[in-house]
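Next up, some structures in structure tokens.
Here come two complexes built around subunit A, the first alongside subunit B, the second alongside subunit C.
Take a look at the complex of A and B:
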């Protein structure tokens, strides 16, 4: 009770401070050349209030205070402490409060860390950021208050959705939000810079840090979500082109493109329109994602509650932001006359432009695939879902030139360049083709397209690997990130080519035999845990080379809420994962057994970590070390 | 501002998107898959095994007779055992046996049929396993008994003597 009240009033006060901040900032913006020190104190105070609010929600969760509606709906006394705390952001209200917490934290950091920029720019960024913050405050207080009372106080809570009770998922939202919210700073700052006509090299190198930081967090956040889906959902894949995944991928694509543009802008006063539009779209795409998954307009694991009022609020908020930014872009952005887009055809700039267009293409494919079902439903009340074949058909062919451009692009010099090391470029190309032909030949289907695909990925792999050792093109962070990307594509391709799957229905004691594997369903054990009952099935898998492996997938029957989840058992080795998962078949003695051998799974995770590591290196790299 | 049309055009596009999203919000409903007990067959579209013809659900089960839809694959060992019984069911007059060839290679499936005989009147070639998903099939083998486009009974796992007798008695 007490903590809920504290949390609630802290939120109200926080909103009040936003209004005060906007007022002071506008006044300061109009008629002073020095920063009004009150602004900094109020920014700090606002952050502090949101921290209080957040902490009181956490305490309510830890104490299992069921007079709080959010706690009642999402917690349970028998839940382990770790998940009580993680449950704070495992629901709609709490996750929005977390979002707000990060928003206020970031604007504070922005204010403390930004030194060599004009005062007006800082103030204007603050104003834009406060508009976003006010939006979130209103949204929380109006439609998603995490501190609603229930009276009389229930004895027991409803429990947290079991599939969310997982360590990877406990840290996935905070990390992802750091990325999303980081993009809000980029958004506000780009608008401020456009308004003041400050989009320049100096601004670029200042905002670059924020872009890289958000990008690293976003990448890691997506990775964690993907790892979770891999072993918790039990579908045996890491990416399903589900709307939820797509809405995190879209800001990532936009942000990745922005990252490349800002590198150009840092060197040369060009691509300003690109930078501004991408800054705007990265954040609006993040917001759009929030709208799509939280309003219930698309059905997904993140649809916590279906409340049209919430959907409407985010929708109006999102489009207000879009229209404000469009207005600022069209009326205040002046592209300086001398920055014509006529680059020499063979230069780093051109290659980055090419990269941009590829990325925009991928982005539009994902965007259309995600929102087209909504449009179709409105027009013709047909329900469709767009699945992997759509994305694969549209994206894969374009990956080939994209990968090739990625191998050669970074070698080019600014302004005007020649291709050097022609010998190696051709040599590696030949090696890649031969090698991939040999790899793919074993598996006769689609020989041509697969050979080309694998060889373009291998090509990038070899080129970046060589660059890493000779270090002639000394940009180590770029090198690692691109190497990681080639490894990622390569692992995904080989994973797709060499995966094998057996789906069958077995009773205890039965054996499934195929030409390569023998699956023996030995027995089942039951165990009572704190908040679930577990059924562990023991399998032994005999492979063709007579190695025997024991795998024990598990079914968990949670008491509160009463849900059955399957926990896959995965044996990970350097070269492949063996993955087995069981499901109950209703009213039958059979268990549905799904056994998969997935090569190079580990390398998919490692390569994404490498990609983010590249970004991290670049973040800590000293200025002007070229 | 050189071009006044562009901003207006882009603003218009966003307004249209807004309207669509707004409309979409109105008919928000959580999509729930239909329960699988005694209801209509799912709608699907697929390629036939022996011809390149594409068929869809509405004209696949149009005869008055009973249908037994069997999900099978050449790599599935229990299917091999079950196959004899399907050959037997083929002879039942009021029943048509049809198949979904699940995640299979065409050559292997053809060899399988030429070795053991082909009980199926028609086979849908479901290489990606998508049609099986539409049916909510758990795995192979699995069979659905259908009459007048309604699923009467579902058999998970291989059919045995007892079950085939059951099917025969339902038909009578």
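Take a look at the complex of A and C:
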């Protein structure tokens, strides 16, 4: 009771401070040339209040205070402490409070860390950021208050959806939000810079840090979600082109594009309008994602409650933001007069523009695939779904030139360039083709397309690998990221080509035999845990080469809510994952068994970590130079 | 006649335009081929021509209709007006139960039999695929 009240009033006060801040900032913006010190104190106070609010929600969860509606709906006394805490953001209200927390934290960091920028720019960024913050405050208090009371206080809570009770998913939202919300700073700052006509090299190198930081977090956040889906959902894949995954991929694509073209702006003072448009769309796409997921239009594990009012609020909010930003862009943006027209076709900027084109193409494919079904349903009430074949068909062929450009692009110089090292470029190309032909020939049916795909990925792999050993191209962070990307595509391709799967229904004691594999269902054990009953099935898998592997997948029957989840058992080695998952079918003796051999799974995760590590490195490198 | 800058800019615009047209064309064509339509048992029953492409069928799993052997799982999807038999080979999701909502994806053998290759997972006991909800509300 007590903590709910504290949390609620802290929120109200926080909203009040937003208004005060906007007032002071506007006054300060008009009048003086020195920063009003109150603004910094109020920004800090606002952050502090949101922290209080957030902490009181965490405490309510830890204490299982079921007089709080959010706690009642999403917690249970038998839940382990870790998931009581993680449950705070495992629901709609709490996750929005977390979003708000990160928003206020970031504007504070922005204020403390931004030194060599004009005062007016800082103030204006603060005002735009406060507009977003006010929107989220209102949204929380109006439609999704995390501190609603229930009377009389229930004895026991409803419990957290068991598939969310997982370490990867406990940290997935905070990391992802750091990325999403980081893009709000980019948005506000781009608008402020446009308004003040400050979009310049100096601004670019200042905002680049924010772009890199958000990008690293977004990448890691998506990775965590993907790893979780791999072992928890039991489908044995890591990406399903599910709309909810797509809405996180879209801001990532936009942000990656921005990351590349901000470098051009930093070096050459061109592409200013493009950078601003990208900054606006990255944040808009993040918001769109929130809208689609929270409004209940997309149904998934992320849809906690379908409330049309919430959807409407976000939609109105989203459109006002888009309207404001377009207004500022069209009326205040002046393209810089010293726009150099010395574009030579073979140069680094051309290669980055090529990168941008591909990225925009991928983005439009994902965007259309995600929203087309929604539009069609509204317009013609026909219900459709767009599956993986759509995305594969439209994206995979274009990966070939994309990868090639990625290999050669970074070797080019600014303004005008010649291709150096021609010998190696050709040599590696030949090696890649031969090698991939040999790999693909052994297994695959689609020889031509797969060979070309694998060889372009191998090509990038070899080129970036070689660059680690020669000092000429010293941009190590870029090289690591591109190397990681080649590894990622390579692992995904090989994973797709060489995966094998057996699905069968077995009773305890039965054996499944195929030409290559023998699956023996030995026995089952039962165990009672704190908040679930566990059935552990013991399998031994005999491969053709006489190796025997013991795998024990698990079924968990949770007490509250009463849900069965499958916990896959995965044996990970450097070369391949062996993945087994079971399920029971109601009232039947048979267990549904799915056994998969997935080569190079581990490398998919490692390569994404490498990619973000490249970003991280460049973040810190910039810091040292200053 | 025109400066180099103008020519370049013109070239740029043309390339962007061509790329756009190509993109739209590709995407639309691919959409046409890869879209999966959703139908309820009643819609299948009343359709004049049998849908030959891949479809999704949604409804409730009929009580006492699940039967299973080592190769396949058979069950009946009902929307309380019409029913359709489903033969399914593959992995079932956690919340596949009788008298719960389900979506099966596959090809129609005839008006009464769907040969499914995928059953869609639900994540939440209260969750019902929007298609199923709509189909059930229509009854």
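Please note the rule applied: the second predicted complex is superposed on the first by the 615 of 626 C-alpha atoms of A that agree within 3 Å, B and C clash if a C-alpha of one lies under 4 Å from a C-alpha of the other, contacts with A are read in each partner's own complex, and residues count from 1 in each chain.
In this section, a residue touches a chain if its C-beta (ideal position, glycine included) is under 8 Å from a C-beta of that chain, and two chains touch if they have at least 3 such contacts.
Values in this document were obtained by computation on a predicted structure and should not be read as measured data.
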When the two structures are superposed on subunit A, do subunit B and subunit C clash or fit side by side?
-> clash
Contacts of A:319 with subunit B and subunit C, given as first, second, both or neither | first
Would you check which partner chain A:378 touches, where first means subunit B only, second means subunit C only, and both and neither mean what they say?
-> first
Check the residue A:330 against both partner chains and state whether it touches subunit B (first), subunit C (second), both, or neither.
-> first
Does subunit B (first) or subunit C (second) touch A:565, or do both, or does neither?
-> second
Would you check which partner chain A:513 touches, where first means subunit B only, second means subunit C only, and both and neither mean what they say?
-> first
First (subunit B), second (subunit C), both or neither touched by A:583 | both
Given the touch rule stated above, what does A:549 touch, subunit B (first), subunit C (second), both, or neither?
-> neither
Now for A:592: first (subunit B), second (subunit C), both, or neither, which partner does it touch?
-> both
Based on the superposed arrangement, let me know which partner A:529 touches: subunit B (first), subunit C (second), both, or neither?
-> neither
Where along subunit C is the clash with subunit B: 9-17, 27-35 or 45-53?
-> 45-53
Could you tell me which stretches of subunit A are touched by subunit B in one complex and by subunit C in the other?
-> 299, 303, 383, 387, 389, 503-505, 512, 583, 585, 588, 590, 592, 594
In the complex, subunit A residues that touch subunit C | 161, 163, 233-235, 299-301, 303, 341, 343, 357, 361, 364-365, 368-369, 372, 382-387, 389-390, 393-394, 503-506, 510, 512, 561-566, 581, 583, 585-588, 590, 592, 594
Which residues of subunit C touch subunit A in the complex?
-> 4-5, 8, 19, 23, 26-27, 30-31, 33-38, 56, 66-73, 89-98, 121, 123-125, 127, 129-131, 134
Seen from subunit A, its contact residues with subunit B in the complex are 291, 295-297, 299, 303, 306, 308, 311-312, 315, 319, 322-323, 326, 330-331, 374-375, 377-378, 381, 383, 387, 389, 501-505, 507, 512-515, 583, 585, 588, 590, 592-594
In the complex, subunit B touches subunit A at residues 1, 6-7, 10-11, 14, 18, 20-28, 30-31, 75-78, 103, 128, 130, 138-140, 142, 156-157
